[in-house]
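Heads up, there are several structures right after this.
Two complexes come next, and they have one chain in common, chain A, joined by chain B in the first and chain C in the second.
Coming up: the complex of A and B.
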């Protein structure tokens, strides 16, 4: 089985993040890392490879030049090779146009399974697997906490608010994962060294047969027109206990639907 | 930690980054709990091993990572900054592999080393005995040749990883008295008759077991003799020359942790209406701490670079171990002072750093023994 894992470079969610003047994510000045859940997607792919169920794992990313750092990081966890779609015209793309670019790139690759995160830590749109499924005409099973492969049959446990659903599909298919699926491995020293020598193919829009004005800010289906920083944390509500403190607490928790 | 590191290669940067990443994610969140419960973090060491960090300074041909000592020591420092027991465990493991890596035959290296360096196994180093630590050449554990085996009897003391190690580098008497009658054996941890005793109750390093090991008629195959018969003492001393640098690096990392904690505290704690770091009496104390740590780090790396260049380094290693561990003791003592009463209670890690620093002045040659090594060289006019 051949697996393609989608990987995205994002600003480190542990540090302060900013928007550029056009309200797109400021990637140039940010400390960029691999989107956290993508590591779970890589781990899922590598677990299948370790079990002898996958014979090739390819990393696919759409991003600027410096996304290559994220590709190396992903490759150091074990995948065989990478494809980097890089074109200045892509900057400012929305999730829908990005899915068009990814679908076109997947069209140049052989795959039985596309693995990705359920959402990224920057946009958190959470729709990529669905959009790719639609564009590629294959099944999309989203929000997986467990994935098993039996020949061409894929079985996914889909995490829901009150439990899980079991979904099955045959390959090829897209599966998006949650972090509950696994614990990503650390790269090993050998993996880091080897990653430097693994092939990375760079593709431009023209390689994919896409017109520049269908992607990027020009082709975006949505546009952020205003953004405000999150208001500073308010002081909170203080309950003074005059014998009824417990009741007041319980009422508050109930009103916030915690209990 | 805001240390500017000058590393020799991009590869080295990746090694240190990886160590830092694992240290932040796996060591830092666990240290307080494991120290409080006195549990050895075996699984954490497996994680380090799987990442390739348990064989750093040994050649790639033997299954190591072929990194210079200079890089290996900075990895230890990063680990010690979060959890000195884990750094010391890596250092002791590296020490335990030293005899095979440097004095083993090709066949012994092929047979044992890849396994030892792959990261799943952990080593121990058995030199000290109840009657003698500093005067190691007087050791009395005996290994008597019987056919194609050695029969080992005796007791080793203060053995790090006693009971949790998968193998031990053992030094035992095969010949006459003194340094010339000692041999080195590579002993499996589960050998019948190898009996780890109850772990010592220690001042610090509580998550690392230290215990006596009784060797009661332990039979060791003769092909596990490492180096020449009666040639083991030289191996033991060479191992300690290199091992000392590991202890120095642990001391630097520990001292840096104490300093960073003290600085952060001193910037926030206010007395008489201002942050206490603004009082010169305290600011100067912190300045001296920072300066001596920087000096200790450079002396340690200088000794490592001598070793990496194939030059004599044992005097520099003794100086580094002496200076770095004395620095760690002083810095951690002063860090307690900076926190005042809060430095003395276990809600903050500084009192633990203080207890941990003490042992570094004792292990792998007490600091008196380091001075002895240095003074002897001076006396010889070297």
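Coming up: the complex of A and C.
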């Protein structure tokens, strides 16, 4: 089985993040990292490879030049090779147009299974697996906390708002995962060294047969028209419990009409 | 007057919020898609909250396969009626239906929306609530997923005229079978994302057994129970109650954080709460920087004592 894992470079969610003057995510000045749940998708792929169920794992990303750092990070966890779609005209794409670029890139690759995160830590739209399933005409199974592969048959268990459910489908399929699925491995020193030599193919929009004005800011289906930092929350009253802290808390809640 | 669609899967607060929000854009039509009998259970409530029309598409296939059949029927209905906007719940299912419709109609999609103006401009909170943005859809019928607790629902009784919708599901929409669906008993507590009070416990709670202290305090305030990622990863509380970047985002009137340090991962899920109260032994915990009221102390002493005091005041 051949697996493609989608990864995305995002501004570190642990640090302060900004928008640029054109209201797109400021990726140039940010400290960029791999989107957290992508590591769970890579781990899921490598677990299948370790079990002898996958013979090729390819990393696919769409992003600016510096997204190659994220590719190397992903490759250091074990995948064989990577494809980097890079074209200045892609900047400013919405999720809908990004899915068109990813679908076109997947069209150039052989895959039985596409693994991705349920959502990224920057845009957090949470729709990519379904968008790709719809565009490619393949099964889209989402929010997996467990994935079982038996030949061409895929079984996903996932948490829902009011319980859990089991999904079944056949390959080819797109499966999105949550962090509850596994614990991503740490890259070994050997893995980090090997990642530097693994093949990375770069594709442009023309390689994918996409017109520049159908993607990026020009082709986006939505736009941000205003952005304001939320006024920072300021710390309110703080007391130290010296025996009556609970009573003080109850008094505060009563004063705010919660009791 | 323009028609506005509200995709309603259940009679719950989020549905009433969407129906209330949609009124600002035009005449409200609810869209109910599901197994036979789905509309009967919720139609009265949809009318009570302002649905002039209720489009009803019922077929077992809509629930037997994952979201794609619902997306297909909805896309066809949007094509026929060209509503001014389509509102869906910002739930797992709502976002996924919207994603498929966006692709099939080449339409703009805005998720986790908390406010909607008459011209379709949507307000969203991004980067863990750090930035508030206003966005517009620039192509097609705007698809808007609405986050729970965005506004206060107001009833506005309307006719609720039922219109049957033909359900034709293609084979391409039947690729993923929902082979088992388990509803876990949720007890008497409100839904985490809809609750007006949430009491969450973190690493400081120490064990699964000791989470009862958090639960008791939540029950006293009629609230839902949440947990930080540290607590769910440690197995203190089920993963589905996680509040944070990789869990639920909540925005209640009152959020009580007990034994939670307040890492960015957690704050991302709760910092738009109206009032935040923190109890933590560590006076340097970052949660205190955003708390309206903080108690530096042992949660096992502070919460029970506060509980006793609340009972006393109610007596």
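The definition used in the following text is that the second predicted complex is superposed on the first by the 233 of 259 C-alpha atoms of A that agree within 3 Å, B and C clash if a C-alpha of one lies under 4 Å from a C-alpha of the other, contacts with A are read in each partner's own complex, and residues count from 1 in each chain.
Rule of thumb we're sticking to: contacts are C-beta pairs under 8 Å (C-beta built on N, C-alpha and C of every residue); 3 or more make two chains touch, one makes a residue touch a chain.
Keep in mind that what you see is a predicted model, and the values were worked out from it rather than measured.
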### Message
On the A-aligned overlay, A:130 touches which partner chain: chain B = first, chain C = second, or both, or neither?
### Response
second
Under the stated touch criterion, which partner chain does A:81 make contact with: chain B (first), chain C (second), both, or neither? neither
Across chain A, the partner (chain B or chain C) reaching more residues is C
For this session: For A:13, decide between first (touching chain B), second (touching chain C), both and neither.
Result: second
Exercise for the section: Considering only touches as defined above, state whether A:189 meets chain B (first), chain C (second), both or neither. Expected result: first
Message = Going by the contact rule set out at the top, does A:146 touch chain B (first), chain C (second), both, or neither?
response = neither
In chain A, both chain B and chain C touch residues none
Listed in rising order, chain C residues that touch chain A in their complex are 66-68, 71, 91-92, 95-96, 98-100, 102-104, 106-112, 121, 125-140, 142, 172, 175-184, 186, 191, 193, 197, 221, 239-240, 245-246, 253-254, 263-265, 268, 271-272, 275-277, 279, 283, 288-298, 301-310, 313-314
The chain A residues in contact with chain C across the complex are 13-14, 16-19, 23, 36-37, 94-96, 99, 121-122, 124-131, 133-135, 137-143, 145, 155, 159-170, 173, 178-180, 220-230, 233, 235-241, 244-254, 256, 258-259
So, in the complex, the side of chain A touching chain B is made of residues 185-190, 192-193
Within the complex, chain A is touched by chain B residues 11, 14-15, 18, 21-22, 47, 50-53, 65
